[in-house]
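Okay, so subunit A shows up in both of these, paired with subunit B first and subunit C after.
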Partner chain A sequence: MAKPKVPGMFKGLGITFNTLVDTLKNGAATVQYPHEKESPPVRARGVIALREDNCTSCMLCARSCPDWCIYIEGHKELAPPRRAGGKPRGVNKLDRFDIDYALCMYCGICVEVCPFDALFWSPEYEYSEPKIADLLHDKTKLGEWMETVPEAPELESGALKGKK
Partner chain B sequence: MLATLPYWGVSLIRILGGIVAVLLPAGSIVYIFLFKMMSFMQSRLGPMEAGPYGSMQLFAEVGKWLQKEDLAPDGADKRLFKMAPLIVLASTFLLVAVVPFGPDAWFTNFEAGVFYALAVSSVSVLGILMAGWSSANKYSLMGGLRAAGQLIAYELPMVLAVIGVVIQAGTMNLQQIVVKQNNDKIFGLHFLGNPYILTQFVGFIVFMIAVQAELTQTPFDMPIAESELVSGYMTEYSGFRFLIFFIGEFATAGVFALIASALFLGGWGVPFSWFGWHNIGDVANWMNVVGPLIMFVKMMIVVFLIMWVRFSFPRFREDQLQRFAWKVLIPIALANIMLTAILKVAF
Partner chain C sequence: MTATTSGQVISDRQQLAYIASQAADARVNVELETEGMTLNIGPQHPATHGTLRIIARLDGEQVIWAEPSAGYMHRGYEKLTEVRSFPQVTALINRIDWLGSFANEVPFILAAEKLMGIEAPPRAQYIRTILFELSRIANVTLFLGDLGVQLGAITPVFFAFRDREYALNLIEAATGGRFHPNFDRIGGLKDDLPKGWIDEAKATMKKMKQFCDTIEDLLFGNEIFQIRTRGIGVIPKDVAMSYGLSGANARASGIDWDLRRDQTLPMAWDKADWKVITHPAGDSFARCWVRLQETREACSIVEQLVDNIPAGPIMAKVPRIVKVPEGEAWVSTENPLGEMGYYVVSKGDTGPFRVKIRSASFNNISITPWLLKGVFVPDIITILASLYFILGDIDR
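Right, the complex of A and B next:
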């Protein structure tokens, strides 16, 4: 049986009234933020974390950054040869890796472009500062955020189709 | 109790009562409806931090506004600019003067109470126009002009809707109207009295729509349309003058709801037949205490309707608004008057 047609005016009043009753009975859809926290989704773009060991100071991230908010300095060191009798290897050592979150616009190009899996998105979002200059975070701070990076979620079914 | 007091004592009590009757409804309307009900209707909780469940939020807001600087624009007509919000608030206080709260709990017992109420309610238009004009701001001026057009257009259906009640009651005295409603019978039944919402239902609907427009609540909020006019005539106001506009808006909502409940819902009374009263002289003294409570409950119900509509609907367009007033509401109200008059003569 088709429902009798209700004029839109009363339907609108019904919607607001039902939401009122629903909020009184089941609570609001919102979260009282400082007291209780919502867990952000796994892929949330909260902050960029750095795994220092993976970084080769290749500068791809710094160059691809639209805001130029990544500062990298490094130097070459000689590491002992892999095999006995071999030549010592040249290794890039990272001296400085800063991201200025006052400039960062969370585009994620640096994370995409990094060929060595050194940069990751972390859902951590509570790092506001009273002074804008304090938003410049160095590599130790970026490394600490590495702990908040969640495990990569499973690929969706069919994501690997056609790949050998 | 009142009879034993000297004249000045009675006056003092009435003045204090008037202030309470304006500010208490305004405060409860803002907290219960504006803060809480609107939030719940949007599935959120509203203010929760100041006091238990945010109940002290209003005091926090008032404190905030009182701290702010009392600014006036350079090109403004300073005297008018500063006077305008006070005129709007004054009309609210004048309006509450005719509302009866009990057999002796009235402020003034006007013979022409309805006439006075309708006349005084239009004083706020002057305040709003002054605010719009004196702000030296084109948005304010637009808002003020829109307000003038709207308030004048909707005063007419409001007056016409009330005439039905006046014809049926045969008096313009609000106290007498309340007594009539509780003393009357409908279809020979004494049990309910005769609240005029039953016989004047069309009048009640027209009156409520007109009140919604008079209060510039949302389906009719072009004068303060925040997305087009940046709050219209209130654009340039800050600090305690804005606070006065704000109090005025919700206090007027409360007072109009009080008048609506006196005119249509039986006012402070309970049906007199319940206690075997026959006229106002029989009414027990405790009604002076219970009456205001009954009025408050009825006012909250009426304001709930006003606010429910406010939080549910989008804004009319300016031409739709005028067309609705002149082509729909006024003819309906006129037809209602004719029908009421015919039935009054017939019975």
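Right, the complex of A and C next:
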């Protein structure tokens, strides 16, 4: 092998020096987390939000979950008829909808199988707890996450519009 | 209990100690004899990317016998797939080689598609190939940084972790998962690319190419690095073939073999202009060098493909509940670590009946007993680092 003009070690030192100058000029690549925050992309799978009105407790999400971390209980209620003189309707009421984030592996299958658009991904990530039992989010807490759900992003050119 | 001639009773233990001390005295007077020592490298060792244990028998500083002991992280994926449906399996197999997760999904999905007799639309094929190469970049970037740490150079790892973030951000923006995308579906992809992704990808590829130049100057040109890797851990071509090495390890031994080029899959590699990198030397340096060049090639594949993504759907016509017809299929692809293949047996159910996973690292470390014989202790780490395995890929 031919000997290089500049010894490799000095070349390496030059690179680290250039990086030092660059960091002093433009700031570091890292951020100091609790004080500064990086915003995750729109599609990031942070936490699952629940729109309770849409849920019919059909159990599709609970059954398709790979590690069974969704717990659903529900019952049927009779609601007043839509038109006067009609028969009372049967409505599915949700008693319990819990997701255990200590078990969840964030695969997103539940969001995908939901036929009634009741589950959504939110990029929110700050919900760690000192106690592992507190990671079980019930339906009111899952409903609160709904506020953080972003609009679906626009697609790249060439994609079919309005179709998944 | 034995009685001596003097009538004194001594125990077996005392007698053995006496014989041992006599023997030791005799040896010291004649010559210095060395004794072998067994050294356990791992299971918790930073050079093993997880929990691999290497049992090495040493004579002084030299290894006379070594064997890898895998299985500390066995998670039973082959068995788990039998009780999961097809969409659930892709979520699981993300975790086999956790640094290049998207590449794990592709061969499985291709095998399932082969059984169903469908093919993903061209747009999905292009995006799949792009994400496949991005996961290769994310995987090998970590290797290039980690390599320096194994040799005592701390700086490259910070450069690698800084620049790998760009590739991971790109994967996250498209799929929603940094490490576990779970983006591949039978018949296509989960979603299309978000707006602005292609421009971002082009900018990132420029940064990654720059990173390759930086690492080449910083590490590969370094004299200490060259001394530590050149001529160390040489694998000749025929040995590499007989041990079933694949990927960059085989190509560094001069085997011109790349599944991306050598087989026709419904992917877009043939649409881009790139070349297979080989190196004749077969030593640690060659393995590292081949990986560095492959990262450059992967960057150029992505750059070429993002410009020509055809318009159209990203999903073929697939029923909502996927049932794969009866049959057996084998598909393997060139993953970041080597050949990875899935043998899927289906009985016409929603989930596979049996899946055999052929992962690259398991075969790649099978050469260690042959390779480590006769090397010195500090070189063990270099050789293991240059072989580059991920424990999730070995134990599954």
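Methods note: the second predicted complex is superposed on the first by the 146 of 164 C-alpha atoms of A that agree within 3 Å, B and C clash if a C-alpha of one lies under 4 Å from a C-alpha of the other, contacts with A are read in each partner's own complex, and residues count from 1 in each chain.
One rule holds in what follows: contacts are C-beta pairs under 8 Å (C-beta built on N, C-alpha and C of every residue); 3 or more make two chains touch, one makes a residue touch a chain.
Note that the structure is predicted; figures quoted are calculated from it, not measured.
**Student:** With the two structures laid over each other on chain A, which partner does A:86 touch: subunit B (first), subunit C (second), both, or neither?
**Tutor:** neither
**Student:** One more residue to check, A:22. First (subunit B), second (subunit C), both or neither?
**Tutor:** A:22 sits against subunit B, while subunit C stays out of touch.
**Student:** Taking the superposition as given, does A:130 touch the first partner, subunit B, the second, subunit C, both, or neither?
**Tutor:** Neither partner.
**Student:** Name the contact category of A:154: first (subunit B only), second (subunit C only), both, or neither.
**Tutor:** After superposition on chain A, A:154 lies in contact with subunit C alone.
**Student:** Check whether A:32 is in contact with subunit B, with subunit C, with both or with neither, and answer first, second, both or neither.
**Tutor:** So A:32 only meets subunit B here.
**Student:** Comparing subunit C with subunit B, which touches more residues belonging to subunit A?
**Tutor:** C
**Student:** Across the two complexes, find the residues of subunit A that touch subunit B and also touch subunit C.
**Tutor:** 9, 12, 15-16, 19, 29.
**Student:** Give the list of subunit B residues in touch with subunit A in this complex.
**Tutor:** It is residues 37, 39-45, 48, 308-309, 311-313 of subunit B that touch subunit A.
**Student:** If we count contacts the way the header does, which residues on subunit C are in touch with subunit A in the complex?
**Tutor:** So the residues of subunit C touching subunit A come out as 84-85, 87-88, 91-92, 123, 155, 159, 162, 165, 169, 172-177, 180, 182, 190-198, 214, 217-219, 221-226, 309-315.
**Student:** Going by the contact rule set out above, which residues of subunit A touch subunit C in the complex?
**Tutor:** Residues in contact with subunit C: 4, 7-9, 11-12, 15-16, 19, 29, 40-45, 64, 66, 105-109, 112, 121, 153-160, 163-164.
**Student:** Help me check something: in the complex, which residues belonging to subunit A touch subunit B?
**Tutor:** Touch residues, subunit A against subunit B: 9, 12-13, 15-17, 19-20, 22-24, 28-30, 32.
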